[in-house]
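What follows is a set of structures to go through.
Two complexes are shown next, each including chain A; its partner changes from chain B in the first to chain C in the second.
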Partner chain A sequence: MTYAFAAPLITFFEYSFYRFRRGRLEQVFTLDTYSRFLFDSYYHVVIYDTLRMATIVTLLSLAIGYPLAYALYRINRPAIQRWLALLIFSPILVSVVVRSYGWIVLLSDQGPVNWLLLRFGVLAEPATLVFNLFGVVISLTHVFLPFVVFPIFSSLTRLDPALKEAAEDLGANWWTTFRRVTFPLSLPGVVAGAQIAFTLALGAFVTPAMLGGGRVLVLPLQVYNATTDINWPVAAVGGMALLVISMVAVAAFNRLLKYSEAR
Partner chain B sequence: MAVVNRSREIPPLRYVALGVFTVAASLFIIAPLAVVVLNSFNNVAYNVFPPEELSTRWYVNLFSQDVFYAAAGRSIVLAALSTGIALVIGIMAAYALVRYKLPAPDLIKASLLSPIVLPKIVLGVALFMFFVRIRMLDNYSSLLVTHVLVIAMVSASLANFDWTLQEAAMDLGAGPIRTFIRVILPQISLSVGISAVFAFITSFDQVETTIFMVRTGSNTLPVEMFLYLQKWQDPTIAALSTLLILFAIALVMLISLMLRGRRLPFLPQRPGEDTQ
Partner chain C sequence: MELDVEFVGVTKSFGDFVAVDNISFSVAKGSFFSLLGPSGCGKSTTLRMTSGFEHPDSGQLRIAGQEMAGVAPYRRPTNMVFQRWALFPHMTAAENVAFGLEVERTPRREMRERVAQALALVGLSEFSHRKPGQLSGGQMQRVALARALVKRPKVLLLDEPLGALDLKLRTQMQLELKRIQREVGTTFIYVTHDQGEAMTMSDHIAVMNKGRIEQIDTPQTIYDRPATRFVAGFIGNANIAPLEIESVAGREAKVRSGGLSFVISDVDGATPGKGHMALRYERIRLGAAAAQAPLRFKADVRDVIFAGSVVQYVLALADGPLELLAEQSHEGGGALLSRGDRVDVGWEPNAPRLFAGG
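Moving on to the complex of A and B:
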């Protein structure tokens, strides 16, 4: 199984050292593509945009996901809890293409969101909500929400209720109890959710391609464009960069996870 | 819920706020799917809310387009085949890990899990280059291999079968095959069933891994939709999406039927309960 993954990646790695000249691939060893990637400011912007998009998406997913996970945890009726869990989970079953298309319709100039904003006089004329970074971020947050909610929910349920009662018996109000007891103990779930959201956002292709309108040029899109332009060395180097970035991110989050569990 | 909520009699403001937030978040989750369904009945070819007139012309248009039929058929066959293969490999791998106490199973587990860090577009391009190199690109098997690999990658973390009972059965003198059919299969059937649904969905949703391997005229459904949307924005895709959403709702029903009377697998045990 490992071999099945390794063989294509080795081929991929090999192509990153070949030369691409005048629209043709030459099997000549060169480090040019790497050096261009490292020193050209165009690629710096691409990498910066990718990291920025992934960071914003992760933060927004946590901001919506944490209260939602907490609400799921606090609901006292098993039936409602079950239905809410199913509701949060079910978008996973719908294709990313369909969900991204839904956001295009929702956020378009004559779409429901702009209609509401105009209707209630928030805006004088429709805002451009899609085919830019905003649309991509909203749509990706929607796609990754379940992956953030369930790890947080699961670490909340592992919490010993006695700790909370002890804190309340000692006179702590709800905010202090949350801030000093509940939240720190749920950190492993937060870190695990953030790890999934961040790495998935780094590799996201469909949503930026559909909702970016050509303005959100992230690394996966750059890899795709280079591949279709048969510039395989550039595609391979871009892919290697993406792989290295996500490996570093996973390692960093694992480190953070150990730290958050030790508390 | 084991927690005694003492503030229940007089709901404080913060619970009201949390409730309002939950409703808003649920709307956020539902909205893009609901709007697709609404838009599929929109009479005009552009997105406008609220729809001026309702019609079913996009469904008529959809059903007259052979490309989508063919693509849907291809996707279903591909998903069914790759799910079957991935499940057999997955069950065998998980079984071998437990049954034959392989040397350093942690290492094997780690290598099974490691592809999670691999962005799917990287896997897609790498496999594309690999298949071109070994001259297997125009082959159906390359598509199948890709889908099995993606399923393996995505479901590696989900495959968490409980194998403890089988050792007891073997100790009691049951043969390996009888043990497998009588003890293990009923035990793991829920995990296998859910894994199968996930595997099918994963395969059915592949764009970035498959897009380089399919040719014009032999696209899978999500790739066909993705490419169609690059050119057109009319609600034909909304009509098709509505059908896919109905399919997803059917799957949710299936899952909740499978889970009836059982604990949701992603809702973990609470403290105090027996943790295995």
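Moving on to the complex of A and C:
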């Protein structure tokens, strides 16, 4: 297991120090690729776009996921609760490719979403909803929703129901109770959900490739493009960068998790 | 007498199950009132109707003269100390106590003063910056009390607040609760299934059973003159024995159990037929003390149970089928009776309580 995980990584690590010149791999030790990665503004843009996309997706997932988790928690009809849970879970059951095509159809210029927006006079002409960042964010949020909803839901169900009653007994209305008691105590679930969504978004490849229309050049896509050019050093350095960013993100979220659980 | 809480014919069902069955009682302002009964008898439900977390199906509920139907919990002049305290785990003791005042938008200065006062009242001033996770059970209990009292409620509701504490701490907290109640003068409604706890603290006790109130009285009256067989059995230790009521004249009844025949006085509303008597362990006299008792019998000692401050004897009466437990305080020294001894037993005619019915 460790070997299976470590071996490709080591090989990749080794390749990151080679040089690629005139379509050929030269096996000499150099830090060229790393320094290009660190100082070339082209790569800065790629990294910035990757982080930006992951952040937007994470925030949107939380913004939609929290109310969904709360609704799931508050529904006290078990049958409806089961159906809603299944519905929230369903994006995971569909293959990425199928889901992406689905969104392409829905969001295209002649698709149902634009048709509705035009029909009800929200827009005068079709908006570009796909083959750009918007389409990628929508589709990724869709898949990551269950990863955000269930941790939040589980931290909500772990709350002692007497706490809400205590807040209400002390004079707090619904909103104050939520703001001061329920929400702060559900933060561990929020952080856990954000961590999953953010790291998954960092590594997302198929969705940006299919729905980005070439305009969303995130790091995994950049790595993929490099491999198709058999530019192994650039692919390796890109991979390493992705790994480091993910690890930093995980560590930061873990800190946040500990902080949010501190009592 | 000013009444702080009035229940008039209140009933509450969960589905088909009647949890609280047509209960009526009233609590005088500034008094310590206990709801006492076995698990599942509807005590918490009654308390939760008072705080507004449950709603009566029928009947009326008034607090300080105000009808409470349709009044949300956060608008009622009551505050609750929850069974497991329900402290906010992410807030310090002081923040927990301040919560109810912040919600009211109390000015900062006043808030700080009142929080400090409340924490001092429960003896927790030094622990104000600790979170519940860093407090002991007894300390959390005090925070919960301070958090409720700082709101200056008309009525403080307590749902078995000492249930999770060990015996020593419970006894200590009982005295403290009583002290605090006297100090602040707030009306307390206290729910417990522990009769000793209810006895030591209450001005009045309502004994509940299966959703109904069996008796409301002072602790002493409930102990000395239980109104029903259930109350007699639930409070203190009593021998409950079936017998025949042969005749009733005024407040005296002649009763028979097998070959034994005797008189019970101070009877309330008995009719000839089947009945039960409840005779407290400590009202039975033994040996020399029995010689002066108006009612005397012979008995064999079947068993001796030594429990430190008291000794209990299992006695079989010689002339009838009665088997009784008697209790004597143990002052140290002195020979105990032993198994197989034959002793004189006796009691006052007003010692047993007589209840009609099978």
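What we mean here is this: the second predicted complex is superposed on the first by the 262 of 263 C-alpha atoms of A that agree within 3 Å, B and C clash if a C-alpha of one lies under 4 Å from a C-alpha of the other, contacts with A are read in each partner's own complex, and residues count from 1 in each chain.
Assume a contact is a pair of C-beta atoms (placed from the backbone, for glycine too) under 8 Å apart; a residue touches a chain by one contact, two chains touch by 3 or more.
No experiment lies behind these values; they were computed from the predicted model shown.
Once both complexes are superposed on chain A, the partners chain B and chain C fit side by side without clashing. By the touch criterion defined above, A:41 lies against neither chain B nor chain C after alignment on the C-alpha atoms of chain A. In the superposed pair of complexes, A:180 makes contact with chain C only, with no contact to chain B. More residues of chain A are touched by B (comparison of chain B with chain C). By the touch criterion defined above, A:242 reaches chain B but does not reach chain C.
Contacts of A:170 after superposition: chain C is touched, whereas chain B is not reached.
When the two structures are aligned on the shared chain, A:84 is found in touch with chain B, with no touch to chain C. Judged by the touch definition given at the top, the superposed model places A:154 against chain B, while chain C stays out of reach. By the touch criterion stated above, A:27 is placed in contact with neither chain B nor chain C. Rounded to the nearest 10, the angle at the Cα centre of chain A between chain B and chain C in the chain-A superposition is 80°. Of all C-alpha pairs spanning chain B and chain C in the superposed arrangement, the closest lie 7 Å apart. On chain A, the surface touched by chain B in one complex and the surface touched by chain C in the other have residues 160 in common. For chain B in complex with chain A, the residues that touch the partner chain are 1-5, 8, 12, 14-15, 18-19, 21-22, 25-26, 28-33, 35-36, 39, 46-50, 89, 93, 111-112, 114-123, 125-130, 133, 145, 149, 152-153, 201, 204-205, 207-208, 211-212, 222, 225-226, 229, 233, 237-238, 241, 244-245, 248-249, 251-252, 256, 264, 266-271.
The part of chain C that touches chain A in the complex is made up of residues 51, 53, 72-74, 78-80, 82-84, 86-90, 99-100, 103-104, 131-133, 147-148, 151.
Contact residues of chain A toward chain B in the complex are 1-2, 4-5, 7-9, 11-12, 15, 64, 67-68, 70-71, 74-76, 78, 81-82, 84-99, 101-106, 108, 110-112, 114-115, 139, 142, 145, 150, 153-154, 157-161, 164, 174, 199, 202-203, 205-206, 209-210, 220, 223-224, 227, 232, 235-236, 239, 242-243, 246-247, 250. Chain A makes touch with chain C in their complex at residues 160, 162-163, 165-173, 176, 180-181, 184-185, 263.
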